[in-house]
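Two complexes are shown next, each including chain A; its partner changes from chain B in the first to chain C in the second.
Presenting the complex of A and B:
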């Protein structure tokens, strides 16, 4: 039997705080969703990209994140049941796995492995992924709930960053601000509460603080060894950042994470006992075989020091998002516009971000994981990989499976490609005499 | 001093035994079948029989291929990507690009002058464009694999295969036959389909001469012709190309012995 290495480390006073907190917060989130559902209180279905949690939380509308719920079914080994239930209804194997898990959950009594999966009382979607809109339409038909779709102007030909002084930008801000005002009216109607601009201000202030902390958390991994694995621990930070966006508990959680990581760094404790390869993950993990997936990298002492999903699924908090509290709604519109651009235009410009990250985090290689049922995140990955190798000298590995569909996981092929990649990293290292 | 490389592929298992001076003393080849460990041992023993030595004389064995972790007499494992790269540069020192059409994987590899992998690209995880596609044609037409290449060379008007799926290939092949197309034209259509998919993988890593073609499909003359035509220059192959992965594995085994690296990290035991 293969046994695991035990890390001999100094005793750390903060050890485990993040893990305990994130479990408790996640459990509580599920509990609240269950209670809301039982009390027929309207719950908003929203998405990690463009959640508009700032507005929903102003009205105390509980938020359900079907993407997070779907990946949790995969981690719990239950996704296949729901995928098959959706396919029985006629949904094709090619459709986004998250959608099908959700459809399957609704079709089988809404019993999620972590709690009651609520009925949507309203939906907040955006055009950051086309699937969001179609998915929202399914709920609209199924439950007759109101659907709000935030229409964000996309590519403006300037890469990731908008020129915020341009006339185009000012017009876009007006366009988005108008839509946010519509959402405010809808939220007031659904919740039966009046809009309180000071409460919005408070929430925006909390997001500002979360963003500062989150940036410091990410930057911790510039240290060697990297104190956390952006793939395994990162997914938990990301989950809480979404479900508690703008809430005091969210701020507190980020403080807990940062304190734990600072202590690890101060004691030279890394995510791996013996960090040998520093990697950037582009795409997401394969949640059905999460441990196996991670193990294939850890076997080579490879740690993910950064990951793209910790950026695009974070609603801009990785980018120093800062709301101007003196003009909350306009500022919310501005920041959404600016921070959504990487996702809106990612296919054309993601290589620039990757090159920057590779340099800042001193990575040895990039793992591009193409998700079969998600073209939104998978398109363009082979091109970015080649660009990075040829223009920045950063080698990349391209692998494919799925977020939640275990039928798309082929262990031998996956392992073969990963092993071959590490062998080539190893020979590079030998040649460069490092 | 002797070392061995054993390549347990998805369809065939190959083994070579080489000396410290790189001379190949024995080669073994057998079908892989369901028992991967047995296949590795059979091929290794066949190779050993061609030498005048016994198992204890073999200082180090490196396993490669899909079944590499099943070779229980092996000392270390290296992927076939690294092994084909190493073997190809050994066989043809001018090699900078390697194409291996395997049973379920096709690999395009860019290599350095000393056989290290710079970059590689592989088929998606389905078997489209791999050796299995030829297997499907052989099954559907009931023609032994070894006869497909010469037959294809007689084609005058090859069909255009549209499916990339190996399972659907059989029915498409039968469909063409039912339409009255000549068997050599159908077989050449199958070859064209594999060759173009393989060369497009090679293009993605960047074709740099010399190009060395490795693996069992190198014995198929039509495929060697087609690939050469598509890349615009004659690809390297010789009678050892079939054993290229095993040769690369044996060279890694030799490194281990010569450098005393033993079970150095990166070649996990």
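Presenting the complex of A and C:
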């Protein structure tokens, strides 16, 4: 394990294309947000789950994703400055760190490490995370901007199935469609533009294509070795999928990713030189110590071949989202509702999905990473871990830190637990004679 | 007179505080085929369950009388106490009598309850009632009506009893009466707080969720005239509003500290029991009336988004209507919506020049000295200021 590995990798023509493209696209996104802010053009604050980018892009309303902006401050080592600024205003250490980073940014001049952080001209917040709504109310109070809440009824409990012919489904669609029509009116008002249904149709078509490509990208990791790390590289794919949802550049990016991964698979090139353990990540990343966190798994030659994060934070495009372009608004309502079930409710009931993923991706173990910042993704993880172990025989590791708050990162403890987990995986292999 | 009132309060205390649910067991003994529906905070239209002959039980947490032995292994560390203690009650077998359990996605942590319960109790019907988070939307009433009908259908399947307009109407009338009595109790608190202490008032109110409403109506119907008939002398105490008890409840001992120091003339404890602020109309479609009442004539809490009811404005209204001089803005430990709302409340109260104390609590707290010191210091500083 400690010996130095020498990687002999074939020269690949597509190598680095994804990274180059994602950097350029992200830089451009920040540039556009800065320009919009400078020109006092209304920017919509929206979220990775239930962004309704389809509608906002139809009106050319620039979208700011505060979750993405917040995690980027942590990766850049700046999150604490903003967290403390928010705590100075009275926000508790026990609430979502993303919210506090955002509040801190707004309180300190909106200078983000990657560019000017715009003021919201409107907000789209779905109920896929309750904190989104509370967060939206902070901007509503601060800037007086209109807040649109997209209320999506989710999975209803034991025995619930979304049968598209059922009365419940029809009622839910009606509710969601009504809200989407309300958002269309609000977007027209904010942007000063008329609604163009053909433009919406075109954007939906692009989302369909992005969804197909995203699914193919995820499936690449069924190969051995897995061509990408679902935590490190996967987050890049997901980030671009969100900020460019429905735009031609987003489709092109997904094509670039897929081409690079296909080439890696064709040449047997994996994310790791010597893949020994295939892991599923349930929970989110730890952005304050992103490389350290990943490194603790890689030193055991463990690679994240799949991640629930890439599912729910991908806005449903991993679930075969397919809009019917002949009836765009109705189909948008139906598809958002259908794909929000596994994406939103799946977080709370994902044990069966995890078992299926473990089988399909030949996973050795599951890492449950609970973060204090996000009860949505973290609160029920210990229970899910127990269920997977007892019912599917998949071992799990439950660890805790945070998305953006470095005060919650305990390196020695984390390393000890991760090492112990890999030791147990190792002994399972020895015992089973693999 | 005092003896009778004490007996009533003791019955309420037992129903609220005893983790073995004696009032529920008594009801089950008297109703051999009776079924119990447990529902988590904040609001559930209990009339629907009642109309099918079920006993609706408002699931709450518990203080240190319930020891956490198993629940911590199922829920992450950084969530509030009520999620753990209510789950512990289930894991310890104390609520095996439930035939149905309903949660609502009130916060990100509570959204996990249904999944955890489903995995732990696969035989129990665990349901989620999706109350609208877009409450001001013109599409919300039709959606909510459909959702109530869906829940009613499941209740009918479990009980084998049809919910008719007549049975639902009868239940609405019973619950209207209950809410009227609770409004009267709070009116006494606002007008003559010396007549009833906070802890006794709390027990009389909270028992509504822990015993059959018929019995609760009877108890309150007897208690209120007895309280009004008291001849207590007003004391020179600060009049305050307590905000932050809409879900997890502070331990009774903490309420006792509060009542020692001030008159708590209004609060949001167990607000779901008082969510509907007016009688639900008894003419027309009763299910529709219930749905419309939830949206149109209802109180507020940090876990409902309704732009028609900005929460800080609603708090100011509560303070003004109760003629309170100050407020305690509390939140349970690790309660994300409550903690987030504290800042908005703080800003609004500061702007309005209303003295207030920001604090946190936990239902399982056993040491109240710090809370006593904080509250006493706050009250004394104001009393001196007012002098």
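One rule holds in what follows: the second predicted complex is superposed on the first by the 419 of 434 C-alpha atoms of A that agree within 3 Å, B and C clash if a C-alpha of one lies under 4 Å from a C-alpha of the other, contacts with A are read in each partner's own complex, and residues count from 1 in each chain.
Everything that follows uses one rule, which is that a contact is a pair of C-beta atoms (placed from the backbone, for glycine too) under 8 Å apart; a residue touches a chain by one contact, two chains touch by 3 or more.
Just so you know, these numbers come straight off a predicted model, no measurement behind them.
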item: Contacts of A:413 with chain B and chain C, given as first, second, both or neither; value: first
item: Touched partner set for A:154, first chain B, second chain C, both or neither; value: second
item: When both partners are placed on the shared chain, which of chain B and chain C touches more of chain A; value: C
item: Which of chain B and chain C A:299 touches, first, second, both or neither; value: first
item: Partner chain in contact with A:388 - chain B first, chain C second, else both or neither; value: neither
item: First (chain B), second (chain C), both or neither touched by A:426; value: first
item: Chain B versus chain C as contact partner of A:400, first or second or both or neither; value: both
item: Where chain A meets both chain C and chain B, residue numbers; value: 382, 386, 400
item: Partner chain B, residues of chain A touching it in the complex; value: 276, 299-301, 382, 386, 389, 395, 398, 400, 410, 412-414, 416-417, 419-420, 422-424, 426-428, 431
item: Complex contacts: residues of chain C adjacent to chain A; value: 73-79, 83, 102, 105-109, 111-112, 114-116, 118-120, 122, 124-130, 132-134, 137-140, 142-143, 146-147, 150, 302-303, 305, 307, 331, 333-334, 336-337, 339-344, 346-347, 358
item: Residue numbers on chain B that touch chain A, as the complex places them; value: 66, 78-82, 105, 112, 116-122, 124-125, 204, 265-266, 268
item: Interfacial residue positions of chain A with respect to chain C in the complex; value: 89-92, 94-96, 99, 127, 129-131, 133-134, 137-138, 141, 147, 149-151, 153-159, 167-168, 171-172, 174-175, 178-179, 182, 347-349, 351, 370, 372, 374-376, 378-384, 386-387, 400
